[in-house]
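Data block below; observations after.
Chain nomenclature is as follows: A, B and C, assigned in order of appearance, with residue numbering initiated at 1 for each chain independently.
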């Protein structure tokens, strides 16, 4: 955090154009309303534009054309993305594991590419291959015959069972379990008999997996998480599930066996999917939904059982008004009774 | 996977009768619609009978009396069970841990029966006994004074705390925690005071426990999972819960303290049970149900709060039609207003 | 468990007054309806008063003024609290780890205060400090630059990542993950780009964290659990969440990013909170609630979406009667049709 850069140097890092004092020294990042003269901040949301004139920041990342009403500006196409670049620049840290720790146990026929780091007490099973620059933090267990790609970060206490394949630039947070047996049993005269789970798991490039998430191996074939997909913590992915590219799944969601999730799908927290259904590309699922049926491409659902989002909103509005509806029906009944009584009297 | 068997040998393995070419060599298993001549498949679901005549499989496991319309048949009483036997035969793998690894730490007075395997970096506490042929994969922690039976498989990064008892043929997937302190606190002038959790956990024979599932020790006495019950991943079992024989509980379900689940109960995913209730033998609980009351034997419930399944279906059908009901009530109100107005005019 | 105390000695331990035989030897604790003469029990709930006269217990902890109708009494202000004191006295166990195990790996510049215990295969990163009498059970991973206070118990297979701060008398059950990266990604031309999570986590004094719970590090700044708060198993706490003092959160609850939970809040199991909301002091949230909005101080909510508890009860009562409401509306429609028909005939 003792990094010091001039505004001109920052602008070069993010490919931006300075309007104001290029020589100011910047040592960190802040919020637009509170940044100090040696901090850089950004303006992306118009709601915060009111803070620009009074900002004491040493520089503000802004979109082109923002009026120069006070602090030095750095014009960039996407101020938030530029801020992320600087965030990484100021806070980048080396992994805290370097080289192969003497306590790590590598079984025979393990192949390590160049610059692999393996932390204390890691176990790597027979015949497993690990790609270049991948880091296993302490206490990672990798079973035999696995393939792990380049530039992965695998955090402590993660278990990767036998024959699992993991792509490049995959990040696995602590406590994850990949390749446990799927939950497959067949009833047999009052007891359950285990269906052998002889398939495996494939995790493609650039996937990130949250802490204590579990991804089961397939019964036959494979469970697969396609490239670029991000799973949060404590997510359950059952056997033979396939998740498409660039989907995001929030914490504590569960996906039952053989269900297929499309690409670009956005799933909130604590959602449940039954097995053997198909969720279309670009679909969105609200928190705590219970999805029992296919969702078409770009479908948006909510509720348990899940319904299309518009219908769900109408129904929820009705539910809120149910006590009122009961009163209205009682009033109708009373009025009608009165009418019937008076018409009986007349006749 | 380089196993080769003739159809005659397969038939012997499953106790079946061949109708067709007994000498065909089989090297693997496939699906009826795509199996090749050196693969065996099965026909259990009538929906797939259409594929039988065209199947190129080297042999098809079928029920007695199935017409021999094409490929070689092997008649067996239960084709799917026979397929499972062959699945295990073709894919059976030895555990990838053999013997006691030199890095394993066994405290004094540990007793190991014959042919126990203990993986790298396992820790076994003082006075713990482990039964014959049980396998501890790398990075298993077993506290002191535990009893673990014969023929168990305990996968990596599992924690079994002190004084827990585990039966025979138990399978524990990675990351499981057995015997953590139950969640017991008593309010005391605005703060919470910990109630010591001095009981234990008993896991009976043939239980299987899914990855990252947690089973808490009892406050006093024991938390108990009875024989043959199967728990999926990320399940929470609180202190003093008792689960009966041969029940199945899907992923992310939570059972609060002192609740008793019967035998042969089937519980779907993400179900919640409050504490101190009793779920009858043979009951069934639908996904995401919230169970706040006892369920009688063979009761079937759904919804949150959970209701008997038939009532839940009726209510859900009503909820779907709520916008329609509001329209109908508005129409009634309008009609009635008209009637009242016209009757006022008349009078 | 071979502890033996006279009733007089027990009374001294709990600051109570004996009415009856002070010399009776007590060796354990029991329930009022089944305790034997060498066991002590307690009477706190009036429902159990019926058992007092017949109780065979060697002594019963009671409130002052309880009639001496049978067994020896020990009068104390709070019988249940006194029972907890005795529970701890009879069952107190030393941690099963003592001293620093020779297999533990301490990186350079680790500082251990007096009487720290570190179990087998623990890893402690560079520059981390651990306070007096704290116990790390086997297989705990603590990253670099952490601060852990005095008198903590950290159970096996827990991961504490870099720069996390933990207070005094904190208890962490097995499998917990503290300081994993928060779930932060920004969409960028169809893919997701990781937002660096450069903040940290602060756990204050007397917090307890249940098995396999996950607490993510902040994007910037800190995720904080304030003093005295207790989290159950499999709870998810996202980045930048703040939880106030002396709150309790039951199993499988999830709290999304930047949400603030007040002090003295009680949250049941499987609750979900969206991000960026504020839950007032003393609020209560029922099991499986889905909280999408702020809750005021002392607010009580239930349901998904969560509603004030009274409204939720009224609505649930209406929902249960929906099939009846549909019948009543059908009856109204039929009656009205009849009226309209007969009035048409008349005119």
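One rule holds in what follows: contacts are C-beta pairs under 8 Å (C-beta built on N, C-alpha and C of every residue); 3 or more make two chains touch, one makes a residue touch a chain.
None of the values given here were measured: they were computed from a predicted structure.
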Rigid-body rotation angle, subunit B and subunit A, from Cα fit (steps of 5°):
120
Same residues or different residues: which describes how subunit A and subunit C meet, taking over half shared numbers as same?
different
Taking each chain's mean CA coordinate, subunit A and subunit C are separated, in whole Å, by 27
By the touch definition above, subunit A meets two or more other chains at residues 103, 121, 139, 157, 175, 212, 234, 252, 270, 288, 304, 319, 322, 325, 329, 332, 336, 339
Note: in the complex, subunit C contacts subunit B through residues 29, 80-81, 84, 87-88, 91-93, 96, 101, 103, 119-121, 137-139, 155-157, 171, 173-175, 206, 208, 210-212, 228, 230, 232-234, 246, 248, 250-252, 264, 269-270, 287-288, 304, 316, 319-320, 322-323, 325-326, 329, 332-333, 336, 339-340, 343
Contact residues on subunit B for subunit C in the complex?
103, 105, 121, 123, 125-126, 139, 141, 143-144, 157-159, 161-162, 175, 177, 180-181, 183, 185-186, 188, 190-196, 198, 212, 214, 216, 220, 234, 236, 238, 252, 254, 256, 270, 272, 274, 288, 290, 292, 304-305, 307, 314-315, 318-319, 321-322, 325, 328-329, 332, 335-336, 339
